[in-house]
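Naming follows writing order (A, B and C), and every chain is counted from residue 1.
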Amino acid sequence: MSHIKNLRFKLDNFELDIPELNIPETGVTAIQGSSGSGKTTFLKTLIGLHQPSGWSWIFKGEELSRLSISKRKLGVVFQTYDLFPHLTAEENIFLILKARHEEQNHNEMHKQLQKYKSQLNLESCWKTLATNLSGGEKQRVALLRALVSNPRMLLLDEPFSALDSDLRVEARRTVKELIQQINIPVYLITHDQEDVNTLANHVIKMKAGKITQ
Amino acid sequence: MRHFIVFVVLVFGALTAFYYNHGDQVKNIEDKKIHVYASSSFIAKWGPGPELKELFEKQNIFKVEFVEISDMAMAIQKISFENDASVADVVLGIDQFDVTRVANKIKWRDIERNSGVKFVENLGPAAVEKTFVPYDWAPMSFVARKSLKTSVSSLKDLLAPELKNKIALQDPRTSSPGLQFLAWVFESKSGEDAIKYLKQMSKQAHSFSPSWSASYGLFKNNQSDLVFSYVTSPVYHLVEDKDDQFLSIETTEPLPVQVEFAGIPQTCKNCEAAEMFINFMLSPEAQKIIMQKNYMLPVIAHVKEATAFDALKVYKTLPIKFYEQSKLDKWINTWVEIRKNEGI
Amino acid sequence: MKEFKVSHLLRYSLLLFFLIPYAIFLFYYKFSIDIDLSELLWALKNTLTQSTLTALIVTALSIPLSQGLILLPERLQTIVKRLLIVPQILPALYSILIAFSVLNPFPMGTMGIVFLFVLIDLGFATLMTYSVTTEKLGNMSVIGEVYSLGRLNFFKKIYFPLLKQDLIVNFFIIFIFCLSSFSIPLIVGGGRGTNLEVLIYEKIFVDQNWSAAFSLCAFQAMAIFFLSFFLLKNKQKDSEPFVAGNYLKSYVGLGVIIGYLGLYLGGYFIGLYKSFFYISFASMYVWDLYDAAIFTGKALAVYLTVNFIILVLWLLDYLNNKKFNLATNLISASTVLVGFTLYLAFPVTREYDLIKMTLAMSILFFPSLFKLFLQKPIEDLRQQILVAEVYGLSKPQIIIEIIFRQISKQMLLWVSFLIVWFISEYAVLKSLGVQTQTLGLVTEGFLSSYRLPLAYLMSFFILIYWVGALAVVSLILRVAYVAYKKLTI
């Protein structure tokens, strides 16, 4: 279990108040709540964007709360995907590949990359500038980027909310297939019950900055 | 990031070491060089500096290096801060007002002149000054175009309604000619009359420019019809522009006189060579160069002959004076008050 | 802990670098507050009158002018935008000459100063208003037309409410430019337009009252700092695609743009055309020009390198702290103070010209040009910078791959202003006591001795030199980037 303790954080009129929380270190854990429940604030704290004092986050025996953003080695798919628009899909991936992997592991990672790329059906848009990709393509490139970044865990922040409803079904299925191949936990931030039903092994509910379930 | 910062620190360290070591390497060359501080117009290609340098270096073993100064007070302030580290051997362009107001900020060397030098009579006390040697002079008046319809033959005529916003003057605090005009008014009129005149002139004048060149530029660009300048200015136009449409106005009041001096700071490095340079400037060849390039009158006789300056009228002039600091301050403060209160 | 200390050292070193002139001043003179209140109020009155009038006129006029610009097709728009920035680029003395030829007799004093400020800043203000209009109004003009709002109503209910804050910011940018202007109030004021900067000049050069000068400089710097800090903040907003509806187009505005450019550029080109008849006179200065061009090129190379280093350090500081250094608000430092203090600090001989010029111009130009061209585009990349950090990109990689690659157009604009302001500068160089001739000083020599045709020819040469220098810099950056990519593969 990943263990969070004494997470208290005030931001404008909102307060995040999580005295204690255990999150499984395997499978998909959905953190579910309606708009304004504190999911995004919680996510930003896990990423390292907010730095409340006195809290603790132990993951596989390592204290992550003290680490800088880059040292936490997370794989994040943001709600707005945030690809680097001036780079092609390929360049977006390779930039992260170089940053996150030791040189001796490159070959291994390349093999994995080819596999994921094919599964995510990115061959046709591989050389396209990110700014010219469709919404669905951006989402898949963002997911691929997270997968090949050698992360401790994946954080998916409302990964399907920007897609049309018919694309969402397809996207959930793809993500589910991919998640089953990786051996790292996935934390899925969502308000959508369908996301929870399709993907989640465990559910944590949030309301007004507190954990309710 | 750390590597980059170390790199930047090393670069600045190298520059600092160069800064401190550089002095030793140039010392030997400096022994045969004199540093002459002068204005940009003196040093410019069209000024007397380049020809004077060439002639002096032909006649002597010393090299001349000009150091341009944009402001006399600043230059003397800097020499005062630098003290023994100062490289100034000669300072040119010191006028009568500078002698009183700023020159006392540092110590100057007495200058021994060559025995054969005979100054023109107009120079009066300027010729016998021990620490400052005059090298050119000129009366000052108003310069206008010959086509000016309004007749001007006195200071009072300048207040004619036809001349409103047509007279370019200078700020007496930043410009010697400006202070010359102020002194001219106070010398020509009694205390109260002078103040009254200045108040009227403050409303009458087109502008009070920060420098002579700025005001002369306004005149040349037809923004004003008259400018307070040197009586030799029309000669410049005649010779350089082949234009004879300019004239200097002769007034019933004797005209003020501007004299430029050279001085040697006590902290000079090549003091004897500096003295040689100043005496060189008093030679007929050098005086001719100064006259023809600076468009000012020579301080020794028999230089103007067979030149355009020979035809210049001989004006009635005020005696050359070194005014007391307190008097100058009083005049300037009066002007400043008029400026503020009369909405200049 | 070590990382923490290095980032603090960087932050404060950068701030201190831009405060060097004040430190030098305090080194030479004892600090004491010495302000003649009546004199300060008088100068402030002039300052406020000149700056407020100018900013009001210019901001108001920029609205129809920006609508004239919107009317133009894209290609023509790009050309006109470049022409509108010319009055800001050319040294003030050209604007004065042009103004004198347009208005004869020229009204010296406050009116003359305001006229000149408007002449110089109107183009720039138009571009600022154009920029906020196209960023913020999206489709609104079309929607207004669809629902028959009427032009007046559109401006009352949509345009002004949405753009009010930005127009106020534009107002204060022009206000600050005018407040710290020196040469125009000095020359065109005719002794009547003493503003704060001229008063500082008078305290240093006329009265030698250093305490008063320093007090005034500190007062002015604080005023500008607070204006910049509180008012010139970039508000984050995702811009929507702009559609130019008819309510945002104006033929009158276009007519005024044509008139304005015709007046300014026409005045300049007439002067330039007349000066070509004097080319034979220029031949005697060919070697001086050659020497000046060589030295200017060397000095420019050093200056650009130093500014590039400052930029990288600035960005490192930003990445460490997630906000820009406080020094970004030290825009419009007193040129008089910077020139004077560095003149005191360094020997007068020519060996020190390069270092004096580089220091002075970097302190004077870097914060304002950064704020004008680079600050907002970099702030717009903050989400991408976060993503890059999450994925472990190093700071140099973020700077090169994420920031530089995406703001290359703005950087080119930034560099082009750095170059043209540097090569045409002379006022600061005069007060620094620079001995070696630069292109700017040669021009000043011609201007102050009223060899005006030669001054015009020099201005034209400077423009050509500027284009050439920019081309060389662009080439060097491209080659450097290609080399960097090859080395990192």
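What we mean here is this: a residue touches a chain if its C-beta (ideal position, glycine included) is under 8 Å from a C-beta of that chain, and two chains touch if they have at least 3 such contacts.
Source: prediction; values computed, not measured.
Of all the chains shown, the one with its CA centroid nearest the global CA centroid is C. Comparing chain pairs A-C and B-C by the number of C-beta pairs in contact, the larger count belongs to B-C.
Averaged C-alpha coordinates put the centre of chain A at 76 Å from the centre of chain B.
Taking each chain's centre as the average of its CA atoms, chain A and chain C sit 44 Å apart. The centroid of the Cα atoms in chain B and the matching centroid in chain C are 34 Å apart. Multi-chain contact residues of chain C (touching two or more other chains) are absent. In chain A, there is no position where the chain touches two or more neighbouring chains simultaneously. Taken together, the chain C residues at the contact with chain B in this complex read 6, 9-10, 28, 39, 42, 97, 100-101, 104-106, 108, 186-187, 189-192, 202, 204-208, 284-285, 288, 309, 312-313, 316, 340, 343-344, 347-349, 351-352, 355, 395-396, 430-431, 433, 435, 444-445, 448-450.
The touching residues of chain A, when paired with chain C in their complex, are 47-49, 69-74, 76, 78, 80, 82, 84-87, 95-96, 99-100, 145, 149. By the touch rule above, chain C contacts chain A in their complex via residues 383-384, 386-394, 397, 401-402, 405-406.
Residues of chain B touching chain C in their complex: 1-2, 4-5, 8, 15, 19, 22, 26, 35, 40-41, 44-46, 65, 67-71, 73-74, 77-78, 81-82, 85, 87, 165, 171, 173-174, 206-210, 213-214, 216-218, 220-224, 339-340, 343-344.
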